[in-house]
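Shared between the two complexes below is chain A, which has chain B as its partner in the first and chain C in the second.
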Partner chain A sequence: MNTNLKISNVTKIYPGCVANDNVSLEFNSGKIYALLGENGAGKSTLVKILSGVIIPDEGEIYLNKNNLKLNSPLDAKKNDIGMVFQHFNLFETLSVFENLIIDSDEQRESLREKIDSIMKKYNFSIDLDIPVLNLSAGQKQKVEIIRCLIRNPKVLIMDEPTSVLTEQETSELFLSLKKFSEEGILIIYITHKLKEVMQLCDEVAVMRRGKLVSVSEIKNENIESLANKMVGQNLKTIKKKKAKTSSDQLIKITNLNFTSEDPFETNLMDINFSVNRGECLGIAGISGNGQSELFQVLSGEIISDKNCIEFNNNYIGDLNPQERREYLMAFSPEDRLEQAAIPQMKIFENVALNNFKSSNFFNNGLINENKIKEHSKKIISDFNVNTDNIELKSQFLSGGNLQKLIIGRELITSPDLLICFNPTWGLDVGAINYIHETLIKINEQNKSIILISTDTDELLKLSDKISVIHKGKLSKIMNAEEVTSEKLGILMGGAN
Partner chain B sequence: MIIDINFIGLIIASIMASAVPLILASCGELITERSGVLNLGVEGMMIIGAISGFALMTVTGSLIIAIFGAMLAGVLISTIFAFLTQTLITNHVATGLALTIFGIGISAMIGKNFVGIPGKEFPVLFENLKDTIPLIGPILFGHSIVFYFAFALPFVTNYFLKKTKLGLIVRAVGDSPVSASNQGIKVRLVRYLCILYGGAMSGLAGAYLSMIYTPQWIENMTGGRGWIALALVVFSTWNPIKILIGAMIFGGLTIIQFHMQAIGVRIPVQFLTALPYIVTIIVLVVISRDSRKIRLSTPSSLGKSFHKDN
Partner chain C sequence: MIKIVKRDQPSRAIFFFTPVLAIFLTLVAGGLIFFILGFKPFEALKFFFIVPIADKYGFSELLLKATPLCLIAIGLSFCFKSNNWNIGAEGQLTFGAIVSGGVALLFYEQEGFYILPIVILAGAIGGMLYASIPAILKTYFNTNEILVSLMLVYVSKLILDYLVVGPWSNPEGFNFPETRQFSDSAKLPLLFEGLRIHAGIFLALAAVVISWFVFYKTYLGFQMKVSGFSLKTAKYAGYKGKKMIILVFLISGACAGLAGVGEITGPIGQLHREISPDYGFTAIIVAFLGRLHPVGIIFASLVVAITYLGAETAQIFMQIPKYTGQVFQGMILFFLLASDYLLFFKFKFIGSKK
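On to the complex of A and B.
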């Protein structure tokens, strides 16, 4: 039986922003549809409307010509629309089976049989009786998918499903999705990754600033044409020039170990590497393999043995972040709003947090506001932060602007080494491009970067050397030219 | 010296009796907290239950009306808390503290007319079996219905949380209200019900104090038991069986230190009275220090407000 899903003139307005502006789309089963757009383009709002999480201000949704009133997620489920969210909607402390039974009306035994047969059919293998927090991201996603499949959905919506997956897991997912599609499930795939659209989908709808800009067949498109539609202008492609090989060593990590008392953190085992001046060392890996612990050890949030870290011929392993900054290290942590900036504080106050002895932000314990504001204005103009109000609270900056502010704050003192962790996570293409250009510029100025990232493409684009972290251990360090994303994927999965 | 074996039985029974209000209030609060709501108003709800039970018993003469009236009073006062924290999204901690202060104040006001009035005798069950078995007889038989209910409650609560669909929903809401809401669970409704249930159990705990344990009304007669109940929930790591153990230790030490004072052991009285509080907490911390289990049983969203963002 064919499924036809029609979105007709849907509009959703938030204060100060039109998230969906009169969007109409039609989908038919048997095909995989991509919904493509940058962050903030309105694609998440649209799928949340389809899954009943958000109620539109105007417009109708029809499934097989029936007008659907989706006032809650329950309504979507009743109408056979399944959705796998970008941020998993799982209960971490409950077991896999408890997660699956919670919204099912079936008896325990018959549900277990049903789950077993689904897992067998699609080659999933997950222990149903362990708590979800022990699963990898890929397994969690499978639990979400099983949760949808239990209800025999007509429509399956996947919201940015690959952001947490390895290459291998991604190709497994694509195989499953193709199988679902052949079995007659209508698949809507939301992403901002162009490569995936080309690989997986049959048709693509592009959204920009809440509006639908184009609907076309994949065979008539290529990556460049889609990118231009998505951004609305021609993007220049940036490329890193091959760095001059320098043998001047800047930082050296020797025999670094970290054992956490928290069983949900990863222990670091025997980390050894060095970075030369003007070099970018990329560290790849699936999130949760020790990246955040490594970042904290490098930044001084976790103190290690003094001799483990040699920076510019000084042993600094026992120094805190503030002291390390004085040695000209700079840090851009993963979570912009939790770790890098304080959202409730104004822009210039956040700038002042990164205080150097030399910067004279404070006189005798009093805040030198003029000095800080002057400094903040310089950051905003030098680093293209899209605001002129330094009194604005940081939480009102978009992700891209906040990241530019943070990188700017770190770089304006021209440090020798910048350590950044997922610097472009969740940013739109324009902002990513800007951050990448900035990072390349740093290397050109003979400064070094340690780039910890879960984005393989980003690493291949920016790094001179690459290593992979898996379960707290680093692989050997490879020259970036010798590495392919497939090879990284294998190492990220733990194989040699 | 020959100690009568039945005397030991009576001491154990009195320890169990003193644990009853703690078990009731803790098991109620446990359900509330498992749904992600931190209600610090247990002391206030207990004292309201105590005065309501005693007042209704005196005025109507009916024990059944008094017991259920006390539970209803607990429900009513917790409705205020639920309305404030769930509908008006106020801070759980501040609201709970206010609830306790309010409860103590209003109970003192209502209680003015009931000071010095003698209570009624509460019927006990299986009294005739008390002397049939030595030691066990006085422990098992001759108690009020509330006593038996309290000792069944931790096991029922455990079963409810682990084996029933509704218990699963309560845990899910406490783990991640956002996910629960996206799954179509009515988070606010679940939390309302859990808060009201907690109120009913606190009310019953208070009524036990003023109607059965010491049948009279004394101002501020809960004497911090509500706070101990709260501590039991946290230090038992939200495990009803450990609440039972903790309540027994607390009750036991309270009773034993009375006897030690009576015998005239040369330890400062202040130290003896403080002993149950600290020992109970130490024991519970020691028996629940598996950090993995703590993580699995701690309601992740505890004390955080939830409001739907569309």
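On to the complex of A and C.
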């Protein structure tokens, strides 16, 4: 039986932004559709409307010509629309089966039979009776998919499903999705990754700033044409010149271990590496493998043994972040809104968070507001932050501008080493390009970078050396030219 | 048709308007309650809010009640602004009073200019010691400061009870549950002949000025502000988050302790069973009604102080229980929280569609 899903003139307005502007789209089963767009283009809003999480201001949704009123996620489920979100909605401490039975109306035995037959059919192998926290990200995703399949969905929506997967898990996922499609399930695949669209999908709809820009068949498109549609301008490609090989060692980590009391954190085991001046060391890995802990150990949020970290011939393992800054280190954490900046505070107050003795932000314990403001204005103009009002609360900056402010704040003191963690996460292409250019510039000035990132393309573009972190252990350090994304993928999955 | 719309950002004007609205709604609801009880609403409200402060004596009483409220609320504002929920100011007040009262009793037959400062200091230290218990348990053992600080209130009241009935009770006091009178050197001087308002008000005013300065002008205040918004950010900036938590508790304990000193070394001049009509709890309402801002807290403490006085006048002239005062305090908090809805939402009047 054919499934036809039609979105007709959907509009959703948030204060200060039109998330969906009169969007109309039609999908038919048998094909895999890509919904492509940058962060903030409106694709998440659109799928949330389809799954009943958000109610549109205007517009209708039709499934097989029936007008659907989706007022809650339950309505979507009842109408055979299944959705797998980017972030898993699973109870970590419950078993797989317990997670599946929670929102099912079936009896235990019949449900178990059903799950077994689904797993057999699609070649999934998951132990139903172990707690979810023991599963890999790929397996957790399969649990979410099974949860949808139990209800025999007509439509399956996948929101950025590969952001937590390895290359291998990704190709497994694609195989399953193709199989679902052959069986008549309508698949809508949301992503901003162009390569995946080309690999997987039959048709692609591109969104930009809340509007539907184009609908076309994949065979008429290529990566460049899609990228230009997505961004709306012709992108220049950034290439890093190969760094002069320097043997001047800047930072050296020796036998660093960290054992956490928190069961949801990762222990770091026997970390050893060094970075020379002018070099960028990339650390790849799937999120949750110890990146956050490694960042905190390097920044001084977690204090380690004094001798574990040697920076510029000083042993600094026992210093806190502020003290490390005095040795010319700078840090840009992953979480812009909860750690690197305080959204409710003004721009200039956020600048004062990077307090350097020589910057004289605070004299004799008093706030020197003029000095901070002067400094903030310089950052805003030097780093292209798109505002001229330093009294603005930083929550009103876009992600890209906030990240520019943070990087600017960290770099204006011209540190010898910048440690950054997912610096372009969730940013639009323009801002990503700007940040990448800035990072390359730092290396050209003979300063060093440690780049912890889950974005393999970014790492391959910017790093001179690359290592992979898996379950708190670092792989051996490789020269970036010898590395391919496939090789990284294998290491990220834990194989040698 | 009226539609409720989310605001793009909380409105600053509304931020200061909602406390006024809350007070207005409290008056309306209070009038209604009096009406149901069979009183004339306007007359009753007049007895409650105007008669008590109509003369010089009444005004002095108002300041007398507002002083501890203001002092405690200023201290609490440090805690609340940094997301530390110290609700045990009543206990810190009591313990501060116990320590300073104990010191005052040591000097009971002596005179000297040095006694009063020592007594005041002892009260502040007592309050700090008592506040340090929930602070240290919170930072090093992850206990919940709300529970710990609240439960310690009852502990301190029982300690006070034991002391005034037992070891510290006045040997010539015919077994009344009270201590000896402190010597005049251990008492805060009264400001005017015949009125009860005493020098404690200067402690409160000093606290207002100092807290404003610390919070808005110093590096320490900046660190507290950051730690309050996000401990993760504080850690990343290199601030000592745990020390910051202990510090705000100590400040608020010291303020509550000083309020306790004012209660026992003012007009009363001795320790007895009931030194505070729940000032420590009421000050929580004052702190929020004053928007945790030093100047706002001054006004809020005056408004809430009236409910204490009004309850007494109402009891005398209208024969209704003085607990009506607590009803009014509860209503203020209730309407304040309710009208805070306007901070984030607004009403939009729209004509019928098309």
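As a working rule, the second predicted complex is superposed on the first by the 493 of 496 C-alpha atoms of A that agree within 3 Å, B and C clash if a C-alpha of one lies under 4 Å from a C-alpha of the other, contacts with A are read in each partner's own complex, and residues count from 1 in each chain.
Throughout what follows, contacts are C-beta pairs under 8 Å (C-beta built on N, C-alpha and C of every residue); 3 or more make two chains touch, one makes a residue touch a chain.
Nothing here was measured: the structure is a model prediction, and the numbers come from that model.
Enquirer: Consider chain A as the common anchor and indicate whether chain B and chain C clash or fit when overlaid.
Expert: fit
Enquirer: Applying the document's definition of touch, where does A:G300 land relative to chain B and chain C: first, second, both, or neither?
Expert: A:G300 sits against chain C, while chain B stays out of touch.
Enquirer: Does the superposition put A:F264 against chain B (first), chain C (second), both, or neither?
Expert: A:F264: touches chain B, not chain C.
Enquirer: Quick one: is A:I102 in contact with chain B, with chain C, with both, or with neither? Answer first, second, both or neither.
Expert: The first partner, chain B, only.
Enquirer: Touch check for A:S485: first (chain B), second (chain C), both, or neither?
Expert: In the superposition, A:S485 contacts neither chain B nor chain C.
Enquirer: So, does A:Q344 touch the first partner chain B, the second partner chain C, both, or neither?
Expert: The answer is second: A:Q344 touches chain C but not chain B.
Enquirer: Given the overlay on chain A, how many degrees, to the nearest 10, lie between chain B and chain C at the CA centre of chain A?
Expert: Seen from the centre of chain A, the opening angle is 40 degrees.
Enquirer: Name the contact category of A:N89: first (chain B only), second (chain C only), both, or neither.
Expert: Only chain B; A:N89 stays clear of chain C.
Enquirer: Is A:V53 touching the first partner chain B, the second partner chain C, both, or neither of them?
Expert: Touch partner of A:V53: chain B, not chain C.
Enquirer: Tell me the contact category for A:S72 with respect to chain B and chain C: first, second, both or neither.
Expert: First partner only.
Enquirer: By how many Å are the closest C-alpha atoms of chain B and chain C apart after the superposition?
Expert: 7
Enquirer: So in the complex, which bits of chain A are touching chain C?
Expert: Residue list for chain A touching chain C: 15-16, 299-301, 320-325, 331, 333, 335, 338-342, 344-345, 349, 352-355, 362, 365-367, 393, 396.
Enquirer: Name, in rising order, each residue of chain C that touches chain A in their complex.
Expert: It comes out as residues 6-9, 217-222, 225-226, 229-230, 232-233, 235-240.
Enquirer: Could you please specify the touching residues of chain B with respect to chain A in the complex?
Expert: Touch list, chain B to chain A: 165, 168-169, 171-172, 175-176, 178-185, 291-292, 295-298, 300, 310.
Enquirer: Using the touch definition from the top, list the residues of chain A that touch chain B in their complex.
Expert: That would be residues 48, 51, 53-55, 72-74, 77, 85, 88-94, 98, 101-103, 131, 133, 262-264 of chain A.
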